[in-house]
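Shared chain: chain A. Partners: chain B in the first complex, chain C in the second.
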Partner chain A sequence: MAEMKTAAYVCQGCGLGERLATQQLAQVAQKEGKMALVREHPFLCSEAGVQTIRDDIEKEGVTHIAIAACSRRAKTEAFHFPAVAVSRANLREGVIWSQPDTEAARETTQEMADDYVRMACAEVKRMKAPAGNPDVARNTRLLVVGGGISGMTAALEASKAGYPVTIVERAAALGGWAAKLWKRTPAHEPFQAPAETGVAAMIEAVRADPNIEVRLSSTVARTSGAPGRFSVEIAAESGGAATEEFGAIVQASGFSLYDASKLPELGFGKSPNVVDQAGLERLAREAAAGNAPIRRPSDGGEVKTVVFVQCAGQRDASGTHLPYCSGHCCATSIKQAMYFKDANPAVDTAVLYTDLRVPGNGEDFYRSGQSKGVVFTKGSVRAVEPAGNACTVRFRDLILDEDAAIENADLVVLATGQVPNSGVDIEKVAQNEPGEWQSDASSVLNLAYRQGKDLPLLRHGFSDSHFICFPYETRRTGIYTAGPVRRPMDIAQAVEDATGAALKAIQAAENAALGRAAHPRSGDLSFPTVRLDGCTQCKRCTVECPFGAIDEDEKRYPVFNESRCRRCGTCMGACPVRVISFENYSVDTVGAQLKAVDVPDEFSEKPRILVLACENDAYPALDMAGMARRTYSAFVRIIPVRCLGSVNTIWVSDALNSGYDGVMLMGCKHGDDYQCHFVKGSELANYRMSKIDDTLKQMALETERVATYEVAITDIERVPRLIDEYAAKIAEIGMSPLKGFA
Partner chain B sequence: MSELNEQALAKYRNSFLREVEERVDEGEWVKMCMQCGVCAGSCPFGPHWEHSPQKIFMMIRAGKREEVLASDSMWMCTSCYNCVVRCPRKLPITTIMHGLATYAHRLGLAPKNQPTRDFSVIFWENFTRNGRANEIRLMLRLWFKDGIGAGIRKALAMKDVGLGMLRAKRMSPLEIFGGHGVKDVKGFQAMIRKAQEIEDRKRGFSK
Partner chain C sequence: MATVVATNQTILVVGGGVSGMTAALEAAECGKQVVLVENTATLGGRTANLYRYFPKLCHPTCGLEINLRRLKGNRNVRVLTLAEVTAVAGTRGDFTVTVRRSPRYVNENCTACGACAEAVSAEVPNPWNYGLDKLKAAYLPHAMAYPQRYVLDPSIIGTPDAEKAKAACKYGAIDLDMKEETLELKVGAIVWATGWRPYDAARIQPYGYGRFPNVITSVEFERLADPHGPTGGKILRPSDGKEARSIAFIQCAGSRDENHLRHCSRICCMASLKQTQYVREAFGEEAQSTVYYIDIRAIDRFEDFYARVQRDPTVKFVKSKVARIAEDQTTRDPILHGVDTEGYHRYANRHDLVVLAIGMEPSVKGVDIPAEVVADSSGFIEAAADGAAVFGAGCATNALDVNRSVQNATAAALRAIQVVNRAARAES
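== the complex of A and B ==
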């Protein structure tokens, strides 16, 4: 790279010129920031202002620019200079809009602005313009694991978008569960009666599509690589395996039915007249094939009374069975009751439910069931007692609050739930040692990743997929889950889910080919590099990466797979020897900023509080607080971080050693209902900070000097309050004794 | 047990829901109840009933014939229509309650000495006689239905209201001798008979 030539631009627009002494800011940039070229401009984001910068880059050979104007979140198009390193001093949202416009506040406001200019100058000198991931490949073939409704939908949608697909299906035929149904719940107006499944037509469409290759009776024996260059070994049941390359993967491995034989109290296994919903579909298909009504399995007798038991082994609070609701089963029972009612209205059908849940347009279908005479009874079933050809269903009537029973039921249908086919639980099944890797028959993807063979799970065995904010995203870049492996769902939802997953997979493959990050920093060209000669093989980065992007070689050194990386910097935050960095974001870029701040002495009554704010939620909330002219303490200096997970504890100890009086860390909500854009980042940061008390004590500092907060993007009113409260707290405990030593 | 009740039992053996659908005004709506309980929560008489409309509908579906028909809950309905306005499934709950009450009375299963029922019977007899309500006779029948002593006590308690009605010419003491009627009393009574006949045929009571 050519010689570094720095430049700083101070904007006077948006009131900056009136509120701040911009000439002084320019001087700060020149003298303290040591910028080679410093310019003030009355309206920097205007065409003329941008042209000035562009000219400097082209004619003066400027390579590093610090822009002192608005927030880095504003005017991103005007200030887009991909060829050079750019830092931004947030003087608008972060200073003049969040500080009162009073004579009394003038001094502290100017100090704030001076500091932000110092910080931007210090930061940019440690940055490099990111060049993009060099380790790229463009492979746009998609692998779809699973040939049910979800898998076939994903394949067809991807093919329609012009991308070739390979479907790997474990069974000998396509269709999955849907192919085993007699009919499906209706997906179209007027939602009155069971509808044709449409599976045969879908299989036909897949077969006829030259863009789709189908591998039946096959499984994935090994997956390695990264988006754009996944290498997948597909093993056929008949023996033999082939290794193929794919750009991205959709995992549509579906669900298994909860094992009804775990429900002996509901009569399963004691009489053939007690079936699960799949069992009833089988009976219905057999009956339809013979063009006859459904008969009683035990003796072929006429069916006069059918009882449907909802939530069989589901929504169980005792911890014995599934704790969750599978979502589709109420509508499925209504559909199955209609199998009888539509054929012969004289058949009594009763649905025993505790809460009838019919998502989508199911309410119309429910009403249709009621008008067809299906009886709905709110009750929780205690026991199903088969005797001869009849069953007695005992339940608690929840409206009348009494024990009741239905006698002489010819058929009892148990609505058991969906259990995701999510492979092995990587928290419990450890990955093989490098070099001793073996495939696992119970794994879906057999990932050769450091962190385990399948996708990490969230709750109840479903694959973790950033449930709240970005449901398609899993924790393995370029691999997208679709259908009931992600959460319980019905056919209509699975179709929608698979369509979305296919599009995300296409996006991931294309992004990888361009060396860019996938969600949520999509388009980011930076990537982590490691200085291996300093690495101590501690494995924290390989263990903590929320996306399993880092493998280990046989000597336990980390092996980065840039295309799998989401650029959150959690590895950088974890690294105790600080050898991991990005071109434009590193321990140095942030460290230099916090050290560039002018910390007044102990007797100035001007404390300094460092705020490390997550750029996804906390920093925008702070910007928006500024836009809403919510003021906060002038003693804070805010540095945005990619994720709280990227915060290296050295920043905290550096700040305290430099005389800061407090450090606030603002990240997203963590835990089961996490909102962290990088899933584990804020959780890890919280864990790391919980250990910092010892360090503080060693430094003879109060533990309050470091505080961690969960901040949501909507906390526009709350964030200024948090800052002011913390500033008051610092005033209470007093100035740091460590000033003036750094 | 009344003959009508025996016939109904024989006809609808184990489907009370079907019986209600066929024989009770708007009874075909009962199956559409989704047990949300908004009616029960909306009823101003809620705390005073044994069974809310929600429970009555559940009991009908559960085949609790005796309990439903002998319940005094339907008789407590004041026709405020709060439940009808609020029902998300648009059930004509007030009409169903009155229909159930009428049906229970018809079969002779309605609770004895239920004040609303007593009033309804007395009113119906009073009104259908001449086609006009006879206030003074209605009042006297109602007050003295529980004996002379109770009647006198009631009369004394209500005397101010009565005197007010006299003064305002809302009630004439002379009506005690039979009172006035509609122009064509015979025609009126024939009309009532015909209406009853049609209703009976519709509900399956006629032979």
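== the complex of A and C ==
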């Protein structure tokens, strides 16, 4: 890059000119910020204002600009200068809108603005416009693991968009669970009768597609690399393995049916007349093949009464069986009851349920079942007792609130749930030590990643995802799960899910080729670099990276797979020797900002409180508090961080050593219902800060001088209150004794 | 007629809610050119007006912030607000779309400083709070509005208020001469993500919505709990502004009913379970929520949340379709009449407030969609036939929660990409 040339722009619009001495801000930028070029402008985001900046970049060769105007969240179209490094001093939302417009507040408001200008100047000088990620590789072939409906859909849809695909299927044939069904629940109007599965046609389409390769009786023996350059060893059951390269991966490894033999109280295993839903499908297919009605398994007798037991081994609060609901089973039982009713309306079919769950147009299908004479009874089944060729089903009738029974059931169908095929639980098995890696037959992906062989799991063993706003985001970049491995689902949902997962895989491969980050910092061109000569091989970065992006070489040095990195900076926060940084975000860019603040002496009665605020939630909340003109203490100096996980404890100790009186850290909620966009960042930060007490004691400081908060984006009222309460607390414990020693 | 540069490799996304934004962003992050058309003044859609999401009780604006940041950083998406598609001509890979843009009366110069709002005195019902309060006729729709630019309500154009707004703006952002304009776009594929609307509760006559002030809908209740809402996040009932501690949640209000919506709206059970926790958050152990239900549809992993609410002693469940609601004319307390089907007891239960878990009606129902789109008899867009190039996404296609809307919209983005990639290959 050419020589650095700096410039600062101070806006006078939106009341900044009236509320602040902008000339003084310009002087601060020039004298203290050492900006080569400083301009004030009455309306910086106007076309003329922006043109001024553009001219300076083009004609004056400005490479680094500090914009002292509104929040970095505002006017992003106007202040878009991708070729240069840009910092923003938030004088509007962060100063004049969050400070009272009174004569008494004038001095502290100006001091706040002066400091933000100092900080923006200090920051930008330590930034570089990202030059681009070196881990760039283009490979648009996708690997799909699993050849059921989800896997085949992902493959076909990706192929239609022009991307080649390889399907690896463990079984000897494509089709997965759906191939074992006689019919499926309908996906189109009129939602009245079971529909053809369409699996045969889908297999045919896969076979006919020159863009799709299929490896049957094969598994993934090893996966290494990163988006754009995954290297995958595919092992055939017959022996032999081949290593192939892929751009991204869809994991559609499906589910297994919950083992009904764990339900002896429901008669399973005691009589062939008690089957699970898969067993009933098998009977239906066999019967259809013989063009005959479904017969009683024990003796081939006529079936006159069928009982469907919903939630068998599901929604179990005792902890013995599955705690969740598998979603599809109510509609599946209705469909299976129709197998009998459509063939012979005289067959009695009863569905025993606690809550019948047929959302959306499933309600029409339910109505169709009722009109065909399927009986729905709200009851909870206590026992299924086989005797000879019949079963007695005992249940609590929840409407009449009394015990009841259906005797002489010829068939009892247990609606058991879906158990995800999510591979090994990496929390429970040892992490992959370098040099000791071995393939594991129970793993789906056999990742050669430092953090383990499969995707991290969420509750109940499903593969983790950010499951409300961004359902596809796993913690392994470029690997997307689809279908029931992610959450229980039916065919219709699996098709949608797999189509979306195919898009995400395509996107990951395309962005890896451009060196751009994946969600949520999509398009970010910065990437972490490590100064290896300073590294002590402590492994914190490799262990703490929420995305498993960092491996270790034989000497235990970290190996950054930049295309797996999501740019949260957790590694930077973790590094005790501070050798990890991004070009535009580093220990230095933040450290320089906090050191640029003018800290008044201990007799000034003007404490300084550093706020490190997560840019995703806490910082917008602060902005919106300003927009609502909610005021807060003028003693805070706020620095947005990419994630609280990126906070290195050196910032905290530097701040305290520089005479700050307190440090507030604001991050997202962590724990089971985490809201951190980087999953583990706020949790790790919290853990690190829990250990800071020792440091404070060594510095002879009160432990209250560092405080960590969970802040949500809606906390527009609470955040100012937290600040004011903390400022009051600092006033109570007094000014830091370390002032003036820095 | 103004033009926006677009080609047959551009994807048009209609609707700027969570589904439309997702489809647009996912396609754009695959490198595609996208035009996103939204008929209100801001992106965000209905989820931006929810206080919290189930099951995490996290905030919709948190995801919106990320999506807006993705959008601000991606030059592949062009956003047209206050815009409606009025006609679509042509075929797969080669559509000409007509878009009508209503005047905002505020141009790009707007800095969102708020001086115009201070200057005007007229107020209009606040659509983002379902009309529960008013806002100035020069307004920023809400704190997360994108574009972050004020709007002048058309009702003040030609009045002195409009002139006052113009005079207050130092940046020449107010343009009272702005006119409705019509644009024509060339696009290759279309994603139709126009979402849903709450079923008209007044049509459920026995429940007295519109007649009894203390009978409100679930979407209105979201606004009461939200700190950005009309009560600043306090749960106060409309008749007298008193705290509403005893709240009845009536499930299937309009849904699963052949007289109203035949379908199950899927989200309402979870929404009510979630809302019981707002009451708890506000009043602690003194909260009294009662959920009147037919089946609790807490599907798949949401069962955990249902189990959690069941353990909450402030929440009661009554298996009953409420027959009718009466009102105590003195206190204006709603009184619910019906039969508890677990044991067949008649009840007449008094509450402070009734929240109707209102059904989802597809927004395309009864609307003439100017495209090759087929709706089913409930009004939801059906899956596109082979060879089609207009794809439904989100709640325009089914009653979906956010997660499934995002899934569905991501899938729709790929279907649109398939069309434009084919168009690209045909040309190269």
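Just so it is clear, the second predicted complex is superposed on the first by the 735 of 742 C-alpha atoms of A that agree within 3 Å, B and C clash if a C-alpha of one lies under 4 Å from a C-alpha of the other, contacts with A are read in each partner's own complex, and residues count from 1 in each chain.
Simple rule for what comes next: contacts are C-beta pairs under 8 Å (C-beta built on N, C-alpha and C of every residue); 3 or more make two chains touch, one makes a residue touch a chain.
Because the structure is predicted, anything quoted here is derived from the model rather than measured.
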**Prompt:** So if we stack both complexes on chain A, do chain B and chain C clash, or do they fit?
**Reply:** clash
**Asked** So, does A:F470 touch the first partner chain B, the second partner chain C, both, or neither?
**Response** second
**Prompt:** Once the shared chain is lined up, is A:G279 touching chain B (first), chain C (second), both, or neither of them?
**Reply:** neither
**Prompt:** Of chain B and chain C, which one contacts the greater number of residues in chain A?
**Reply:** C
**Message:** Quick check for you: in the superposed arrangement, does A:L356 touch first (chain B), second (chain C), both or neither?
**Reply:** both
**Message:** Looking at A:G15, would you say it contacts chain B, chain C, both, or neither? Reply first, second, both or neither.
**Reply:** second
**Request:** Determine, under the contact definition given at the top, whether A:Q370 touches first (chain B), second (chain C), both, or neither.
**Result:** first
**Message:** If we overlay the two complexes on their shared chain A, which of chain B and chain C does A:A404 touch? Say first, second, both or neither.
**Reply:** first
**Request:** Overlap the chain B and chain C contact sets on chain A and report the shared residues.
**Result:** 356, 367, 378, 399-400
**Request:** Over in the complex, which chain A residues touch chain C? Could you list them?
**Result:** 13-15, 43, 45-46, 70, 74-77, 157-158, 160-162, 187-189, 315, 317, 323-327, 355-364, 367, 378, 398-401, 459-460, 462, 467-472, 487-489, 493, 496-497, 499-500, 502-504, 506-507, 510-511, 519-520, 522-524, 616-617, 620, 624, 627-628, 668-669, 673, 675, 677, 712-714, 716-717
**List of chain B residues in touch with chain A within their complex** = 17, 31-32, 34-35, 54-55, 58-59, 61-62, 64, 89
**Message:** If we count contacts the way the header does, which residues on chain C are in touch with chain A in the complex?
**Reply:** 18, 25-26, 29-31, 51, 53, 55-63, 65-67, 69-70, 72-74, 108-109, 111-113, 143-144, 148, 170-171, 226-228, 232-233, 255-256, 262-266, 295-304, 307, 319, 341-344, 376-378, 380, 382-383, 398-400, 402-404, 406-411, 413-415, 417-418, 421-422, 425
**Message:** Touching residues of chain A toward chain B in the complex: what are they?
**Reply:** 356, 366-367, 370-371, 373, 375-378, 397, 399-400, 404
